[in-house]
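Here come two complexes built around chain A, the first alongside chain B, the second alongside chain C.
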Partner chain A sequence: MTESIIGHRTTRIDGELKLTGKADYAADHNLPGQVYGYPVPSTIARGRLVGLDLDAARQAPGVIEIVHRGNFPALQHSDNNPACGSEGRLFHSPNTMAEQNKVGEARLPFEDDGIHYEGQYIAMVIADTFEHARAAARLVTARYEEETAVPGLFQTDDEGEEAGDEAVSRGDPEGAFESAPVKFDHTYTIAMETHVAMELHASNATWDGDRLTIYESTQGVVFQRNAMAQIFGIPPEKVTVIAHYIGSGFGSKLFMWPHAVITAVAAKMVGRPVKTVLSRQQNFCSAGNRPASRQRIRMAADRDGKLLSIRHDSQNETSFVDAYTESVGSGTPRVYACDNVSVSQRRVQVNHGTPTSMRAPGEVSGSVALEIAMDEMAIELGMDPLELRRRNFAERDPSADLPWSGNHLRECWDDASRRFGWEKRNPQIGSMRDGHEIIGWGMADATWEAMRSHCKARVELRADGKVQVACGTQDIGTGTYTIVAQTASELTGVPLERIEVKLGDSTLPAGPLSGGSMATATTLPAVAGATRDAIEQLKQLAIADGAPFEGKEADALTFENGTLSDGSQTLSFAELLDKLQRGMAEGEASAAPGEEQDKFSFRSFGAHFVEVRWDPGISRLRVSRVVSTIDVGRAINPLTARNQVEGAIVMGMGMGMFEETEYDSAGNIYNNNYADYIVPVHADIPDIEVELLDNPDYNFNEFGVRGIGEIGITGMAAAISNAVYHATGKRIRDMPIKIADLIASR
Partner chain B sequence: MMDDSVHSPDDALQPRDASRSSNTVTVSLTLNGEPVTLEVEPNVVLLDALRERLDLTGTKKGCDHGQCGACTVLIDGHSANSCLTLAVMHEGCEITTVEGLARDGQLHPVQEAFLEHDAYQCGYCTAGQMMSTVSMLNDKRIGSDDASVKEAMSGNICRCGAYKNILSAVQSARAKA
Partner chain C sequence: MRNFDYQRAGDVAEATALHGNDHSADFIAGGTNLIDMVKLDIMRPQRLVDVNRLPLTDLESLDDGRLKIGALVTNTDLAYHERVLADYPVLSEALLSGASTQLRNVATTAGNVMQRTRCPYFRNPARPCNKREPGSGCGALEGINRNHAVLGTSEHCIAVHPSDMCVGMQALGATITVEGPGGTRDIPFEEYHLLPGDTPEREHDLNDGELITHVTLDAPIDGARGHYLKLRDRMSYEFALASCAAVVAMDGDAIREARIALGGVGTKPWRSHEAEAALSGQPATEETFEKAAEAAMAGAVAHRDNAFKIPLAKQAIVRALATVTAQG
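This part shows the complex of A and B:
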C-alpha cells in the first residue's frame, strides 16, 4: 500500500452504528421472556439490617420474586436453596489482578446483615416491567439497628492503616529538608469524585442450564467472566460476558459490582433473563468513586531552585467492605530529579461507598498536589514556575535507575509555552487584566506511566474478501475498534471497509481491561502478530500441493494490498481461498511485555498551560484557555487520540472547579444526581488547543504507542489552581476550588 | 447483535393477578414517520416506552431526571427530554428518535458532521446531542455564534468531554444545512 494508515486521521469504523442508534450497549438488549430487576438500597450508612417487610411489595402488580438475604445463596456452605450452583452456594472471587478476577467489592451481596454504606443492596425486586419493579421496590420497608457512621476523611482524625507496599524512600528526605534554605510543609485535599459515566451500570443475565450469559456495561469482559465463574463455582468457559459498546466507564466499570451478582442469581431463581439498570442515584452509592485524599507535602529546594527533598504522605478513604489503596504518591518519585524523596500512603475506613480506579487513579490526585507545590516553590524562590521545572528535569528515571525510553517533556514545555504565549506573562499577582476581569496564567506538568499487559488475538482472512479481527478487549469510547482495524489494514493492505473488528465478548481471545491507558499498547502487538500469522498461513496454503503457488518458497511470496504474488502470478487472498475452496486463513497470536521492561522506564509526559478569568465584581471564575502539549509516543489515530486528551482536560476542569461527591454526617450522599454533582457542560468549555508530539516509542512496542486515556487529566486541576493564584493571590490547596474560597478575606 | 424479536414484557408475562395490571391506556402516535399504537400504564415514561416496549434503544437513559439530555427526542419537531414526559401524554404526537434521522440509508447532515468531527467518544450521549442539534438549528431564537450554541447545548452532558468536537460538528452541520 502506498500510504500508511497508522498515524492517519481516521473516522471511527463504529461511528455509523453509534450515530444511528444501532450500537448495542448492555441495557439495549431486550431478550425474549425478559423481566426486570430493581434494587432496594439501604437508607442508612452503618448498622445492621434486622428486618425486611416484603409483604406489600409481594402483593404489588407484576412482582415475580424478591431477592434478599433470606433467599440468597449462602456463602460457601450448603443449604437447600435451589437458586444457584449445584450446591446452592456462592464463593468469593479471589479478587486479584494477577488472576484477572478482581471485583469492585470483595463482599458478596447480602453476605451478612451488616450495613456498611448508604445504598448497599438489601433486596432486589424482580417484576414483569421496569415500572412494576420500581414501584414494588419502593414498598419494601427495612428495620435497622443504626450505628453512628464513620464520617469522611475530612471529618475524622483517624490516621488509618499504612499501605506498606506503597512506601518509597530514597536518600535522606528528612535531613535534606531540615538543612534546606527554602522549604514548606503544606496539606492538600482532593474531594471524593464520582465517575458518572453517561451510561448507567446495567446487567442482563440469562442462564441456559449451567451456562450464564450476561450483557454488562464493563471495561473488562474477561475479568468479569473470571470473577463470575469463581463466584458461582463454574468453569470460566460456561460464562459469557458481552460488552460490545460501553457508555464509558472512566474506571467505574473495570471491576464487577454486586448488582451483577444479584442479577445473575435472580435470573437463575426466576428462570428468565433479568435486566437490571441502576438508577443514577444508585450508581453514586455502589459503583465506585475516586476516594477523597489528604496529602501532606514537605518540599525543599536550594536558592537556585534545585529540589532537595520531597516527602509526600497521603491518606485515602476506603470502605469497610474492600481495602482500596489510592496510590497518590506513585508519580512523585519519578517526575523530577530529586535525590531525597519519600512517599507513604494510608487507608482510612469510612462508611462511604467502596472506591475504585477513576481516570489516572492515584497519580492524578498526587499530581495535583505536587504541581501546586511546585508553583508554591516557584513563588518562594521568586522564579518562573516553568523555569523551576526545567531546573529539575529528570534525565533518567530517578526511581528506577533506568534511562527513559523517551522523555520529551522539554519539547512539551517549549511547544505549549510558545503556543500559549507564556513569555508575555507578568508574574506579579493580579497584574494582567481585561476590563472587569483579572487574568491568571498557570501551568503544570502531566504524566502517566506507560503500561502493557498480556493479550491474545485472532485474525481471519476470509474467502469473501473480508478480514476479521477478534480480541476480548473493549472499546469504551477511546477508539479501540478503529485502531485495531487500522492495524489490520496496515499489515494486509486491505481497506478499512473490508475489515471487521470483534471486541467486547469474553469468548474471544483474551484481551486486556480497557483501563490504565494500556489497551492500545497491549492489544495492537497481538493483533499484528495474529495478522502476520494469518498471512503466513495463507502462504502455506498457497504453496501446498495442487495450490496456485505449488512449489514456491513461502518466503518468496509477497503479500501486499491484500494480494499474494510470486512476481508473475498475483492473486487476492479471496481469489486464492476460493480456488482452494477454503473459508479462511486463520492466524492467532499472543503478545506480552518483554525484556525491554528491564532496560527502560516507560512514562509519558506533557504540559498544560491554563488561563483563567476572575471577575471579582460578580465573583465569577472561568477557565478561558487551555494549551497542552502531550507526548504519548505514536498516536495511531490522531483524531481519536486528541479527543481523548481534550476530554481528559475537560474532566480535569471538573476536578479543579466542580466535582465533589458530598456526604452528610450520617453518611448519606446529598448530591447523587447529574444536577447537583456538577460536571463541565458545553458552556464551561474554553478554547482547548492540544498538540500531540509524534515521537514513536519503539522500545515499548513495534507501533511506538504508550497509551493516551489518562495523561490529559493529570496536573490539570493544579494548572487551574496555579492560574487562580496568579490572578487572585489566593492559594487554593483543596480541590475543587470554590467561589467561597476566592471571596473569603485573606 | 440486536435481538430481532420485538418483545413486550406486558404480553410475555402472566402476572399472578392480571386484574391488578390491566390499568393500561391506548396511545396512538407517529414514530419516525410510522403510526404506532401503544398499550401502556399511565406511569410509563416516554423513554421507557421507546426502549423497553418498542425496542427503539438508540435513545439512552442517563439520569431519568431531565438532568443529562441523553434521552432527547423531537416531539412535534421540538427537542424534549423523553424521561420527563409520560407516554400517555403524546396521543397524536409526532415523535422522532435517533433511529429516524437517517433517510433512505443516507445519514442526516448532523450525523455526517458528528462522524467527520469525531463529535463523541463512547457514543452514549450522542443521540441526545444530535437531536438537540437538529432542534437548535431550526430554532431562529438561538444565535449562530459559538457562545450561543454552547449555551443552548448545555442541557446535553458529554461526560467524555468531546465538547470541542461537538461544537465543530454543530457549526459544520449548520454550514451545510
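This part shows the complex of A and C:
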C-alpha cells in the first residue's frame, strides 16, 4: 500500500489552469450572439422612483433594450415583501435554506417603486458591447421623491425588531450579575464590511426555448438553479447553473442577487445571451455585506476568575427589503463554562443593501466583543488573560447537554502560547519597547461550529484509465477540486494525474453550498461512497458470465492501485473494461449527517496570539507577528488548509484595523472601491505561524474533518485590540481601530 | 465610458496642433488617471490626443546642475535614475511610496503633475462637487471628510491633492515647462498648482491647449540630505493621510537650509516656508522640529472627521526631520 494521499500537502490540481488563464470564470464565457447588460443604479438612498427618462439611452450607439419596472414581467407570485405590500403587485421570492432556494435579497428587481438603498437597480441597459451598455446606462435619468434615509445603525435611535429565534437563556444571568464581585457593562461596535472578492459578480444567461442556462460566479449552483426555477415557474431540470471557477466569494456569492434575475429576464426579452458583470462600485451596493453590529456585554466573575454571568445583547443592520439576522451571540453560550448566560439579537432596518453571510457570519462579530470582554475581565482581576480562559474551559458543550466530539482548545493554548513565547509577556501596559516602538501582546480564542449537509456524488472508472468524479458543489478557490481528487485517488489507488473532477454545474449530482466551512465534511463522504460503489460495480462486471473473473465472489476480489485481483489474475480497471468492451463502471452515493448529531456537539477551537507594534511618534500601528494553533480535526490537504487559516487571519486584520464600508449622513456610500475601502495588502501582513493540530474527528465523518474556512477569522480582531491595549492602555471597543483612536497616546 | 475619437501625435508641435485649444479634447499619456475618470464618467473627452510617441522620455543633467526630466519619463524610470538616487533621494522615496509597481511603470512625470484629487465626491457624478461642476456645492464639507485637506481649503472645496511625487518636487524646487498655442513658457513648480479659492475647477496654471514638456529640478542644495515619510492606514497602495518631504543641509550642529513639503493635508502639494523659517539656523533638536511642525500647521482648518490629520502631519514633520538629520 502506498503512502496515503489524504493528509498530504498537495498543490492545487487546477493551479496550472488558473496560472495560464485557461480556467473559465463566469465572465470569461462568450456565447454566440452575446450581448451585454449594465445596470442603472439608484443614486439616492430612500424615496420613490417617479420618473425614468430612457430616450437618450435608447438612441445611444448599440443599445438593444432597456429593462425596467415598466416592461419587467410579473414573475411567480407570492410571499409578502412588506416593502411593497401596499402596492398589490407581489412577486414571489423564494427564500429558504430548507428548500435550497434562498436568495440574497427577497425583494425581486423592480418589484415596487420604492428606493430602499443607494445602488438599487432601477433599470438595466442591454447593448451590443459592454462599453455601449455602460455609456448608455449613464444617459438614463431618473426623477425621485427623496425621503430622509436611515444612513446606518450608528445614526439611528431605532432599537429594531427582536429576532426571537436567536434568544438563548440559561440560569439566572441577571441575579448572578447583581451579586457578583467583579463585573462590567460595555458596548462594542463593528463597522459594516464588504466582501470585495477579487472576482466581480457576473451572470451570463441564455435561453433555449424554456430552458435557461446561466454562467454565474456563485458559491451554490444548486441553490441558484432552484431559486431561478421558482422565480420563473419552471422545473429545476430546465435550469442549468455553471460555475466552474470562482474568484472567491467569502459569502457574497452564496445566494443569488437581483442582477442575475434581471439578466435572465433580459436574455428572454432580447432572445440572445446577456452577460452582466457588475462594476466594483455595484458590488458594494447590491451584493451583500457584513452588517454593522452593536453589542452590549454584561459580564461578571468571582475573584478567582470563574465566570458567573454573561449577557450578550446585539443589534445588526438589515435592509428595508429583507430581514437578515446576524447571529452575533451564537458562540457565546458555547465557548466558555458559565451557568448564567443570555443572548439576544435585534435587527435594525437601514437604507443599505441587504446584508448576507460574510466569512464566519455572526460568530466572528460576537467573538470580537466576547474576546475583548474576556481581556477586560482579566485586567479587572489582575489575571493573565490566558489563565482566565483556562479557568473557564468548557468540558462539555454548556449550551446543549452533550459532550464535545473533540475540544482541543487546551492543546491549542499550550502550543500557540509556547511558540509565541507568551510566558515572557510583561503585563505592565507599554512596558515592552523596541526603539521608537511599543510592543503589545494580546490573545483571543477562535471557534466555529462544525456543520455538515446533504450531498450526492458520481464516480466513473473509465476504460481510458481515468477516474472521473462529479459533484454539484463548487470550488471557490479553497481547493475543493484537489481534495475531491485526493479522496478518489486514496480509495482507488489511481494517481492524481488520472483523476478528473467535475464541479460547479447544477446538472451534476446535487452538492452543497461552498460556505459555512461545511463543503469538505459534506462532500468527501459522498465522493467516497460513490467511489466505493463504482469499485463494487466494477467487481460485479468482472465476475459476470463471460467476464475475466467469472465465477468468483465479488468479495474475494481486491482493488488496489487501480487493479482488480483474485490473487492469481490481476487486471487494471482499464484492461478489464476494455476486455468487457464497456466504457465505464459507474458508482453513485449520497451522504448526510446522521444520529451522531444527537450524541455529540461538533465545534472547532483555536487560539490566536498577536504582537502589535505601536509607534506613538508617528501614530503607526502594525501587526508584527501572529501565532495561531487551530484544531479542525484532520486536514485533508495541509497546504490548502493552512492557506485558508492564513487568509482568514489576514481578513481578521482587516476587520480589526482597516475595513469599514462608509455611508454619509444622506445614506450614500462613500468608499466603494479598492483604493478607498482599505483591506490589508502584502506589506501589512506579518509572519503568520499557523499550526493545525491533527486530531481526526471520526465522530463527525469517516475522514475526521470538520471544515476550515471560517475559524481563522474569529477572535483575530479581538486579539489585535487586546494587544493594542497592552501597548497603549487604550481599550478600543469599536472596530476597525483607527489612527484617530490612538493618536493622543504617548 | 462614452465613445471618443483618438489621434496620435508624433511631436510636440503636432500634439498641440491636434489638440487645437479644443475644450472637448484631452492629452493622454500613461492614462492611469484619465482612463479611470473616463470610466467613472467624470471626464468625458470627445477626443484624445495620444502623446506617448513624443520624444520626451529623456533625463538630462544640465550644466548648471539641474536635472531636466522629460514629460514622458515614467515614475519607475525617474525613481531609479542614478541622478535622482544620488542627488534627489527624497523624490525617489516619494515616487516609490505611491501607487503600485504596475501603475508606476506606465504613469508619467507630467501625468503625475496633472493627477487629480481622489475626493469621492469629485469621483461620483451623482454627488455635488464644485471642482467637477462649478456651483453644484461641495459634498465633502458636510459629508465624510476623513481624507480631506486641512491646509489651503476654501468654503468651496477641501479636496486633497493626491500626489507623492509632487510633494518631493515641491521640496526640491522645480520648474515646469509647457508648450502651447502661445509658445513655450516656464512656470515655477510652487506656482503651478492653484488653491481652490472660489474656483476649485481651476487646478493649475495651464492654459487651454498647453502641454507639459519637461519638469526641471533645481540644482541640489549642497550637502543636503532628503527623506520622504508617508503616513497612512496601511503600509502600501494607499494615498497619504499625511506625508512630509524634508530636505536639510547642516552647518555643523545647526541647520543651514531646510525645505519642507507636505502631502495628504493640502489642497495642493504643500510647501511650508513657515516650517523652513523655523528651522533655518536652528540646532537640529526635537524642540526645533516641533516648532517647525507647529509653524507648518498653524493655519490648518479641520472638518468633522479629519482633525487627526493636524497632529499626524506634525508627527510626520518631526520624524522626517529627525530621520534626515540623524543620517550617518
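As a convention for this text, the second predicted complex is superposed on the first by the 724 of 746 C-alpha atoms of A that agree within 3 Å, B and C clash if a C-alpha of one lies under 4 Å from a C-alpha of the other, contacts with A are read in each partner's own complex, and residues count from 1 in each chain.
As a convention for this text, a contact is a pair of C-beta atoms (placed from the backbone, for glycine too) under 8 Å apart; a residue touches a chain by one contact, two chains touch by 3 or more.
For clarity, every value in this text was computed on a predicted model and none was experimentally measured.
Taking chain A as the reference chain, the count of touched residues is higher for B when chain B and chain C are set side by side.
Of the two partner chains placed by superposition, only chain C is touched by A:I678; chain B is not.
In the superposition on chain A, A:E131 contacts both chain B and chain C.
By the touch criterion stated above, A:F658 is placed in contact with chain C alone, chain B being left untouched.
In the superposed pair of complexes, A:S572 makes contact with neither chain B nor chain C. Within the superposed three-chain model, A:P32 lies in touch with chain B and out of touch with chain C [touch as defined at top]. In the superposed model, A:N695 lies in contact with neither chain B nor chain C. By the touch criterion defined above, A:Y670 reaches chain C but does not reach chain B. With both structures placed on the common chain, the touch criterion links A:P61 to chain B and to chain C.
When the two structures are aligned on the shared chain, A:D24 is found in touch with chain B, with no touch to chain C.
In the superposition on chain A, chain A positions 61, 131, 135, 675, 680-683 are in contact with chain B in one complex as well as with chain C in the other. Touching chain C in their complex are the following residues of chain A: 43, 61, 131, 134-135, 138, 617-620, 622, 657-658, 662, 664-666, 668, 670-671, 675-676, 678, 680-684, 738-740, 743-744. On chain A, the positions that touch chain B within their shared complex are 11-12, 14-16, 18-25, 27-36, 60-64, 128-132, 135, 195-200, 244-248, 250, 277, 279-280, 476-479, 639-640, 643-644, 646-651, 673-675, 679-683, 685, 688. By the touch rule above, chain B contacts chain A in their complex via residues 1-3, 5, 7, 9-10, 12-13, 15-17, 20-21, 41, 43-44, 48, 51-52, 55-65, 67-68, 70, 97-99, 101-102, 107, 111, 114-116, 118, 120-127, 130, 149-151, 153-167.
Across the complex, chain C meets chain A through its residues 1-3, 41, 118, 120, 125-127, 139, 142-144, 146-147, 229, 231, 233-239, 241, 307-308, 311-312, 315-316, 318-319.
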